[in-house]
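Structure first, then comments.
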Amino acid sequence: MIRTGNRLNDQMRPIKISPGFIKNPDGSVLMEMGDTRVLCSAMLEEKVPPFLKGTGSGWITAEYSLLPSSTNTRSSREASRGKISGRTSEIQRLIGRSIRSVVDLEKLGEKTIWIDCDVIQADGGTRTASITGSFIALFLALKKYQQAGIIDEIPLKDYVAAISVGIVDGEKLLDLEYIEDSAAEVDMNVVMTGSGEFVEIQGTAEGKAFSRQDLDELLALAQKGIEELIVIQKSIMGE
Amino acid sequence: MIRTGNRLNDQMRPIKISPGFIKNPDGSVLMEMGDTRVLCSAMLEEKVPPFLKGTGSGWITAEYSLLPSSTNTRSSREASRGKISGRTSEIQRLIGRSIRSVVDLEKLGEKTIWIDCDVIQADGGTRTASITGSFIALFLALKKYQQAGIIDEIPLKDYVAAISVGIVDGEKLLDLEYIEDSAAEVDMNVVMTGSGEFVEIQGTAEGKAFSRQDLDELLALAQKGIEELIVIQKSIMGE
Amino acid sequence: MIRTGNRLNDQMRPIKISPGFIKNPDGSVLMEMGDTRVLCSAMLEEKVPPFLKGTGSGWITAEYSLLPSSTNTRSSREASRGKISGRTSEIQRLIGRSIRSVVDLEKLGEKTIWIDCDVIQADGGTRTASITGSFIALFLALKKYQQAGIIDEIPLKDYVAAISVGIVDGEKLLDLEYIEDSAAEVDMNVVMTGSGEFVEIQGTAEGKAFSRQDLDELLALAQKGIEELIVIQKSIMGE
Amino acid sequence: MIRTGNRLNDQMRPIKISPGFIKNPDGSVLMEMGDTRVLCSAMLEEKVPPFLKGTGSGWITAEYSLLPSSTNTRSSREASRGKISGRTSEIQRLIGRSIRSVVDLEKLGEKTIWIDCDVIQADGGTRTASITGSFIALFLALKKYQQAGIIDEIPLKDYVAAISVGIVDGEKLLDLEYIEDSAAEVDMNVVMTGSGEFVEIQGTAEGKAFSRQDLDELLALAQKGIEELIVIQKSIMGE
Amino acid sequence: MIRTGNRLNDQMRPIKISPGFIKNPDGSVLMEMGDTRVLCSAMLEEKVPPFLKGTGSGWITAEYSLLPSSTNTRSSREASRGKISGRTSEIQRLIGRSIRSVVDLEKLGEKTIWIDCDVIQADGGTRTASITGSFIALFLALKKYQQAGIIDEIPLKDYVAAISVGIVDGEKLLDLEYIEDSAAEVDMNVVMTGSGEFVEIQGTAEGKAFSRQDLDELLALAQKGIEELIVIQKSIMGE
Amino acid sequence: MIRTGNRLNDQMRPIKISPGFIKNPDGSVLMEMGDTRVLCSAMLEEKVPPFLKGTGSGWITAEYSLLPSSTNTRSSREASRGKISGRTSEIQRLIGRSIRSVVDLEKLGEKTIWIDCDVIQADGGTRTASITGSFIALFLALKKYQQAGIIDEIPLKDYVAAISVGIVDGEKLLDLEYIEDSAAEVDMNVVMTGSGEFVEIQGTAEGKAFSRQDLDELLALAQKGIEELIVIQKSIMGE
């Protein structure tokens, strides 16, 4: 099996991160990993969900969507169907939890930041690209709030990034693209912090269960990828 | 009143049309008019709505959506609210009717072409930009179907493009951007063919009714703009 | 082509307006144009939508519905389908905008008036009959509020009425009935004030684009019809 | 307690039944009992619900709706809320069952007849007026189908009519109007056939349970009313 | 026709009531009548619906659901379909009204008690079993609130229980199980108080209308059953 | 920190599995782990989802629901809210994937088996208890189909069971109950086969990221628990 562009098994696709891709959000990036392109943005709302009212704590909520034309065969529009799918709901919750894991919500204060991840083009790994890109969009927004005096300091505790790994035809691969993902025996999404700890591990056997040995190798691949992503995040964030 | 970039009253914003912006649809363009950016695409479905089954005729249907982060203040996601707004529904119907007006649906045969207009950045005129851009996306898709032998000839009867005009502070303006649009006394969207005839006129008094004289001047402005748009369409479509 | 009842091309159908058709609304009329019959009513709600709270301004909102048995073949009930159609939504918005265009919402004060247009029998022109009839229902309601001391003066700035015009078999016709409407090449709805200015123009080519010359002739027909309607409105409103 | 118009306790309100009130349905009546006015209609659909496909049996289904302006304070539109209320659903089911009880569905054949009951003005007893009126609308439709050769004979087994009875301030009353109904201790809707048998009895204690003696008296009142209604049905149906 | 277990026509199925079946609600019972098993519970909410705010009065609301696996062929899940059926809505309203008929809502104070009836196994008579069981669950909850000092006295005015009766193959039967119910010519649900008065009577002819004589015999059967149920309620409630 | 009943950190709660708890499904168990009680059932539908039609392959789909009264504070009913929550959707997908991982869908043939997991009482670990219990319910159903000649052999490839593990106050715990779960720093659900391989790993940091060392210890705990569960499954399944 030869990967697109002769990629090695432990090699990620070319990454391109374009900050400020659109003008209206407080922070935005176009996050590209190979042919996967996700527009990530962060916008402020001056209120919190009911369960946080009066607690002094803020909130970060994420929404995710595939544009109908982003996929190989057209994805029917969830607004037209009148409800979001289980897959979308699962991804939104994952992005939200991952980003919140590195934010000090007390320091943010009683505000909600909306993270929107809209997939312009889907070629595998859209949920992990969404997490990696949203973290930068959030940082850009927070910096803007700090400059505007809305917050005193940037309430981030660490970096956070994510990558997919999996087993295809018995090979362990880093950063699966769509044709690999759709043939994967095992599919795993891993979210880690800049200090190398885990925020989320979601591993699923598709057709064939996996051993402890497989798991260890997949986690090593993921860690390698995430470390590289965080280097890139740091360079963009000017740190 | 000075327009952004010292535009004249009868001058459109800079136009940029990027064909093939994304890889999966049969045809796609990123349509930009000033800061308004709409991703237009066309995709085939090998069936028709029930009312056309067995008639030999095809169909073209359009969907439109504002990305939540495309607007000044975040637009709540229609998929999350569980239904599309009246405004969205109205725009989708307008785009569909406008595009169908120049297609020979009999020649297309029993197929549906889905037009998707997703607004990446909204700065006024998103519905008219959607029409102008979708026509090119449709042409690109039809050309591909012809090359693939799915259709014998390109079933287009004419060009079609659209522009907004309006009255702001008593001035008649071509191609309103958002700050103009939100202050407009009269707002009009005009859709015309390459042969200079009308497909749609939708004029609305916002707060102040308008005279026959006003109407005539607005239609002249619109005609000027649409003629320019059709020149650009032709150059992109290689004709 | 001979029109029903040997109508001339520029002749409207017989008009019958029955004020006070039902007892519960603050104002109501049964509006009949030929076989088209719409029950229009106005009712007060002592609050405004969120975006107007605290502004001192009132609001007028309109809802429109076809009774299932009003049409040739039964229209499925929107309440049973769980959502209103794009067509209904478009018409509701048009009625609301048209009526608001002649009301001084500041003078109304922080109240909402609900306009309900329920089509008992549909034979073309239901949306324009709804506008013409609703204006009278609104006037009756406002007069009642004035008599009850709820408002000081009747906050109307002008009359408003609407009519459809179109091109059928190459003929320009005023006030299309259903069989004409369903065969129309061009269909146009026009809303005008008592002072002869335009509030809305919505013209649509159905299958064949129309020239500037066509447009001028259609607008002249519409103006003739609306002037007659406003004469009738005035006589009913006792002015 | 004096009833409106000095009605006796066992006296119904004035009844007016206008057959053919609208032109599109196969059968229609405007059913008026005092100020309660319901538009009842019957329309044919040439198919049956899935559970009857291939059985040779037909179906009758009923829908019911209060126009928003039919009630004292405006009833919000169920289409706008996106779902029908429990009350509406209950009434629709009652009308459907009641009408079906006197129809030979086998003889009707594999067709559905849609009964629509739209309340133009509500002043108590809308569900029972709907049943009594719908039976006539159905008869008119069936007669039309027979004349058109769609059915051989009219598949009715009996007459059916309905009335409300109740206890207000300790008094047993026939045919409650709204102000009586809203003060009733016991509220009962009774549906009976022309041969004097029961199709439905729905009695509800509102605040105070009722004795067997109360029940007997209420049923006698209902029987008296329904017998009178069936006399009127017969005269309209020309039998 | 021989009934399951050689039951007599006027004999109920074996009854088993297990108080405290689950630990979280304030009161709960597993109510079993033959193979019909309903889990009834009562839980407190410290607020009332809008129409009771500030009145000092409380409210009791009931919800009912068939588990998908409770029925012979799987019942599709209403949460997945996105709406509750007409049948469910009707039953929920019946349970709520029946329970409220014996509660002094003023004495309860501004609180809502939620009654949940979840059918674990359905074999006919689920709605009447729900009423009989919910009354005990409510009593258990009220006792708990009294002990906790939330209410001063138990605001119950009487007992309430319910049973189904019907005519099957010409035989009048008490407490129909599913195979009887699905073959019934007449189906009647009766709700009565401890003092022998009626709260609800809902009798429906399924295919064949019933006489006054039939009604009298069915009511006598129902009364017999309900008296037995109330004896059991009393023994469980320790009175 | 002392666990309920002095449980050790690596000790599961008492397990009780009652096969055949209800009579209508093809297979059912009441699965109890401590106070968590889930009713799991399997029912056959003789068709498959569209994407499998004509492939010869079967399908297994799972639905999950919390009874409103199963939780500490009442969970609002998803059927009443009109949609299932993101959490429910996520759990349903997890159960479905886990069960399908050990079924040979080709051998099952073109049928769907519906797995229903209804939580009667929730005290932590409901999703993992659902998986462990559903596997037995499925086995019972398959055995019944085999005996009825619907399938030739039981199409199971392995056992499957699931357990939760987590970190609470720095302690690694097996089988978290609700009070532990709601205080957990890390929460992990693990699904494994009888041959000791992984089907799913879903680990989430709640507030504090976890190290590789933590992960290894948690997986060891999970493996211990699942091995015990599979021993119990085998004894019930008579193998």
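Letters A, B, C, D, E and F mark the chains in the order given here, with residues in each chain numbered from 1 onward.
Keep in mind that, in the parts below, a residue touches a chain if its C-beta (ideal position, glycine included) is under 8 Å from a C-beta of that chain, and two chains touch if they have at least 3 such contacts.
In this text the structure is predicted, and so the values were computed from the model without any measurement.
Student: Expressed in steps between touching chains, what is the minimal separation of chain B and chain F?
Tutor: 2
Student: In terms of residue numbering, is the interface formed by chain D and chain E classified as same (over half shared) or different (under half shared)?
Tutor: Chain D and chain E contact each other through largely matching residue numbers.
Student: Which chain lies the greatest distance away from chain C when centres are computed from Cα atoms alone?
Tutor: Of all chains, F has its centre farthest from that of chain C.
Student: On a C-alpha centroid basis, what's the spacing between chain B and chain D, in Å?
Tutor: Using C-alpha averages as centres, the distance is 50 Å.
Student: Quick one: report the Å distance separating chain B from chain C, using the average Cα coordinate of each chain.
Tutor: Computed from C-alpha means, the inter-chain centre distance equals 28 Å.
Student: When the C-alpha atoms of chain E and chain F are each averaged to a single point, how far apart are the two points in Å?
Tutor: Roughly 33 Å separates the two chain centres.
Student: At least two partner chains per residue is the criterion; list those residues in chain B.
Tutor: Where chain B meets two or more other chains at a single residue, that happens at 82-83.
Student: So that we know how the chains sit together, what is the shape of their touch graph: line, ring, star, complete or other?
Tutor: It is a ring, because the chains touch in a row that closes back on itself.
Student: Under a traversal of the ring that begins at chain B and continues to chain C, how are the chains ordered?
Tutor: Starting at chain B and heading to chain C first, the ring runs B, C, D, E, F, A.
Student: Taking the complex as given, what residues does chain A use to touch chain B?
Tutor: Chain A residues touching chain B: 22-25, 28, 35, 37, 39, 41, 43, 45, 63, 65, 67-74, 77-80, 82-84, 88, 114, 116, 118, 120-122.
Student: Which chain F residues qualify as touching chain A in the complex?
Tutor: So the residues of chain F touching chain A come out as 83, 86-87, 89-90, 92-93, 97, 101, 158, 188, 192-193, 195-205, 207, 209-212, 214-215, 219.
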